[in-house]
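Quick heads-up: structures coming right below.
After this come two complexes, each holding chain A, first together with chain B and then together with chain C.
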Partner chain A sequence: MPQVIVNGQITDVVESNLAEFLSARQNAQSSFAVALNETFVPKAEYQNTLLKEGDRIELVSPMQGG
Partner chain B sequence: MRKQTMWQLADKEIESRLLIGTALYPSPEIMLESIKASGSQVVTVSLRRQNPMASGGQDFWQMIQSLNLNLLPNTAGCHSVKEAVTTAQMARELFNTNWIKLEVIGDDYNLQPDPFALLEATKELISQGFEVFPYCTDDLVLCEKLVEAGCRILMPWGAPIGTGKGLINPYALKTIRERLKNVTLIVDAGIGAPSHAVEAMQLGYDGVLLNTAIAQANDPEKMATAFKHAMAAGRLAFESGLMPERDMAQPSTPTIGTPFWHQN
Partner chain C sequence: MLTDEQLLKYSRQIMLPQIDIAGQEALLNSHLLIIGLGGLGAPVAMYLAAAGVGELTLIDDDKVDLSNLQRQIIHQFESIGKDKVESAKITALSLNPETRINIINYRPGEEEMSTLIEQANVVIDCCDNFSTRFMLNRICHNYRVPLVSGAAIRWEGQLSTYTYEQGTPCYRCLYEEDAFNDQTCTQNGVVAPLVGVIGSMQAMEAIKLISGTGHTVTGRLMLFDGMDMSWREIRFKPRPACPVCS
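Up next, the complex of A and B:
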């Protein structure tokens, strides 16, 4: 089973693309944005973004800031 | 309190000249009440790795949305152009705004912006349609280069983030104001007391951005009110025109007709 790194954590993936990966882990209401290997992936590109061994996914949410 | 006149911040016309952060408050409720008390219409927000234990930031996000204010996302914690640009792109999608408070840190001791990386990231983000609010030092040449790159707004520091030292180099800030008359200037970081905000406004700065001074006060809501008044006082003082400073004393009470007058 391929492994990717999600927010610094090694994670097994069965899904082939980013859209499937995220829909298995996010509920419909959650607000998030994604970078893959340090490059931003717009929502419209999730379906076309294939995952491969060793990919680094950053999954971010709104947070307090100054 | 006298009503303040509207001013232009990027593409928005707003009244308050105070921009306020959303971090470091004792509780989310105190954050909300403090923001309301400050009268601010622009709040800074950030993005961080999703934490499932903290409901993925959803509670905070709903709270901020309920305020219906302008959002200014930041790139806090970024140390490279690549990190800053990617973070800005994620923020644009997440917060649905092209505004970005661009921070590219060059030194971890004083969290001083890296001027070279900041300029490079600014150019890239402006080419991508962002309204860049660069958090910069008070270096005039850097400020000029940022304006040449297309910035309409600059945010030089008063002092390093979170120090509360106030304006450590008023001369530099004054020079920037004099040299860049048509640029929106906001003092960002280092403000510790309402008197510091007054000082910035008296220099002719268009606004002040702060977080810790309110969030870490014993009574944040009351301090937010104090800053609201300070901003108004400082701006009115600037618009009124301060008297020239003199070295020699000059009596304010007329001397003619002084009783017991002795001609020297």
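Up next, the complex of A and C:
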């Protein structure tokens, strides 16, 4: 089972692409930008973005506080 | 033309070859808009006034509250109950009496904000709500006025600069407009110097934009984590279907 790093945590993945990965981990905080290996991935490309061993995924929530 | 007093006052900045006399004159001739005079707006307004920005327009509809003073260091105990923009103006002028400061103590609508932004050289987003953040991005993109965007909560901060030049992304490329999670400092708390870290970097970005030096964080989202004192940087590009800039 490939392992990826999600927000700094090593995680096993069974899903093959980013869209499946995100829908399997749907949490209450559903709105965020997703970066793969330090580059943001547009939503339209989640389905075509394949995950591989060692990928670094960051879920970044928008922040409004000032 | 700088006076002898200005040459002395700004000497430590003028001696930087990247700023020099020309950069200092550019700062003195510039007009910057600061949206929000809370935790981020405090260091932004103080540093930019002190550094010799000629004209600042401060916008905030809030009044100073006791719970603000822990981190909003432009306001003083005596300012409780006053308009934040009024209190901020007094402090900024005490740092640099030659700064021209305009204050707006209400929330301008999109039309009025457009007029204000059109007249500014740089807009600095220090506000506390998403609707204003998305609106500033729309207007700044429309008039191609650079936007320095900062946000802070708990121990974490975000920073990016949007110049709207060809091939660079906007705030809306990054976040969906329905991306409203309710994370305010009122409900989540914020450690005092965090807003100093992010706000100081916003002021630095504005100075670089005005003096035309260095590289801004355009196309890069800087993420700060005060708990482990780390910065992460994520790159992003214009989104092909972005409703604002595509």
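Just so we're on the same page, the second predicted complex is superposed on the first by the 61 of 66 C-alpha atoms of A that agree within 3 Å, B and C clash if a C-alpha of one lies under 4 Å from a C-alpha of the other, contacts with A are read in each partner's own complex, and residues count from 1 in each chain.
Everything below uses one rule, namely that contacts are C-beta pairs under 8 Å (C-beta built on N, C-alpha and C of every residue); 3 or more make two chains touch, one makes a residue touch a chain.
Everything numeric in this text was worked out from a predicted model, so none of it was measured.
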### Task
Please tell me which partner, chain B or chain C, touches more residues of chain A.
B
### Which of chain B and chain C A:P42 touches, first, second, both or neither
both
### Query
Where does A:L59 make contact in the superposed view: on chain B (first), on chain C (second), on both, or on neither?
first
### Query
Between chain B (first) and chain C (second), which does A:A33 come into contact with in this model arrangement: first, second, both, or neither?
both
### Query
Where on chain A do chain B and chain C both make contact?
29, 31-33, 35, 38-40, 42-43, 58, 60-66
### Task
Going by the contact rule at the top, pick out the chain A residues touching chain C in the complex.
29, 31-33, 35, 38-40, 42-44, 58, 60-66
### Query
In their complex, what parts of chain A are in touch with chain B?
7-8, 26, 29-35, 38-40, 42-43, 58-66
### Residue numbers on chain B that touch chain A, as the complex places them
21-25, 31, 44-51, 56-58, 60-61, 64, 73-74, 76, 82-83, 86, 89-91, 93-95, 161, 211-212
#### Entry: Residues of chain C touching chain A in the complex
36, 38-41, 125-130, 133, 150-153, 156-158, 173-176, 178-181, 183-185, 188, 190, 195, 221, 223, 232-237, 239-241
